[in-house]
């Protein structure tokens, strides 16, 4: 049961990886990385049950939060090409 | 007996979640542009994730593991729309135009008059 | 099943690494290295190295991505085309190093071998007595924070210094005309002791 | 003293989180460290001015208990809709559209809840929010109709409650 779920997750991770490799735009790659992050969280959870020790979920929790921060940083970079200054001009608010 | 029932429920949830995840992954590859793929990623982030975590919860029983699984679900469900929105906004700000028709809904202030089809008042 | 997962994840890593070599867009490089870190952290988890996986997820996939993006803010997105010259010499060096490393790995004790030298020296004491001697349930924490406390303190200092260095470098991203040096200094009076680092409202040039 | 109330609720939430994540209730050292961490977090949030009702809307929890199940049902239905469109079940096909909806919420929390609920249901993503006008990218025609019905808008308006007067969004700001 868990083995089948692991296999399905691996296939979906392969899809996300393929999307990250193919591109074509920057946004596809960001999206693929974010999905890959979510799938990693799921994978950690399922692997914990597969190996019979679900106590490893803390790292999935950390990763769920890190993934969020990372993706927001990426989107901010894409929008402003800079992480230091909050806004580039008056027309865009801080994301 | 109760073990068997719990196993069956877990298997059911995992099966549904895996099917949704596979469709989402397929959508990531198949859909035409980044905006459309956002929806496929949204499927992975919402129901796919929730179904698998709920399935695992039945296996964990009333322990701290269940609480942690729930926390993961809550965190992802809170953060995933922000990420999608930031990504869509960044894409729009970066000059990326989605390949979508523009539709004008009839009158937003009186939502009772629904369009029966989706193609009302289409603009190029 | 675990073995199969290992192999597939390693294949993902190989595919990502090959793509990393050939992609010229540095932004894509950062995204791919984030995915590389994620896969690596999954592999660490499969090898039961939970603390390493934790660090890899937080530092490799999280902070390294953000730092890489901040660097991109300075140097731009497009890498230069490499000069087309033969890299046979480097390839031979890499090949020899790889063979030596694989050869060396054969001499190591098997993965998880209880008779490995590292498991016979101090590890039994950590496992059996760290609960009483230190009083923290997590053995890794008690090793890092107590048995090897001085070592860890040195490491923390190194990391702190590195972080300070990186922050100083990143602070250069502000354009000089955004924050005129003299005005900026006048705005912040350290004697006021307030947490208000926002430039004052009368200074319109800051906001433009 | 509304700030004090939020400080108390944040302290409570963080303490519960600490205990749940650590799982050690009878370990004095860990509980002590946890208390120090919680107090530090609350003090820092206080100094940063994060303890307002926007960042920590305690009073909405009870309405949320009624709103979130409905949102969950919507998410399930939307997932099935998008899944059909992706695999082409019964002639369904992706049909990307962009359109605007007007959000009738009065508070910032309500507007954010509405925009995020739209994004959370697959098939619709809030691309831009200016004033009370949300620009939506939708994948299927079913998603467009679901949003045009305005049911979610009404429910979020109920969820935010209209008695609160701070954090108003200027009317017609676009």
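Letters A, B, C and D name the chains as they come in the text, with residue numbers starting at 1 for each one.
Just so we're on the same page, a contact is a pair of C-beta atoms (placed from the backbone, for glycine too) under 8 Å apart; a residue touches a chain by one contact, two chains touch by 3 or more.
Quantities reported herein were computed from a predicted structural model and do not represent experimental measurements.
Counted by C-beta pairs in contact, the busier of C-D and B-D is B-D.
Distance between subunit A and subunit D, defined via averaged C-alpha coordinates, is recorded as 20 Å.
For the pair subunit B and subunit C, the distance between mean C-alpha positions equals 31 Å. The centroid of the Cα atoms in subunit B and the matching centroid in subunit D are 15 Å apart. Touching of two or more other chains is recorded for residues 13-14, 26, 30, 32, 58, 61, 67 of subunit A. Taken residue by residue, subunit D touches two or more other chains at 21, whereas all remaining positions touch fewer.
The touch graph of these protein chains is a ring, one cycle where each chain has exactly two neighbours.
Checking each pair of chains for touch leaves A-B, A-C, B-D, C-D. Every residue of subunit A that touches subunit B in the complex is listed here, in rising order: 1-2, 4-5, 8-9, 11-16, 18-19, 25-28, 30-32, 34-35, 38-39, 41-42, 45-46, 49, 54-55, 57-58, 60-61, 64-65, 67-68, 71-72, 75-76, 78-79, 92, 95.
Residues 135-137, 195 of subunit C are the ones that touch subunit D when the two sit in their complex. Listing the residues of subunit D that touch subunit C in their complex gives 24, 27, 29-30, 47.
Within the complex formed with subunit B, the residues of subunit D that make contact are 17, 20-21, 23, 75-76, 79, 82-83, 86-87, 94-102, 115-117, 119-128, 137, 139, 141, 144-145, 148-150, 153. Against subunit D, the residues of subunit B that register as touching in their complex are 20, 23-24, 26-27, 30-33, 35-36, 38-40, 42-43, 46-48, 64, 67-68, 71, 77, 80-82, 84-85, 88-89, 92, 98-105, 108-109, 111, 114-115, 117-118.
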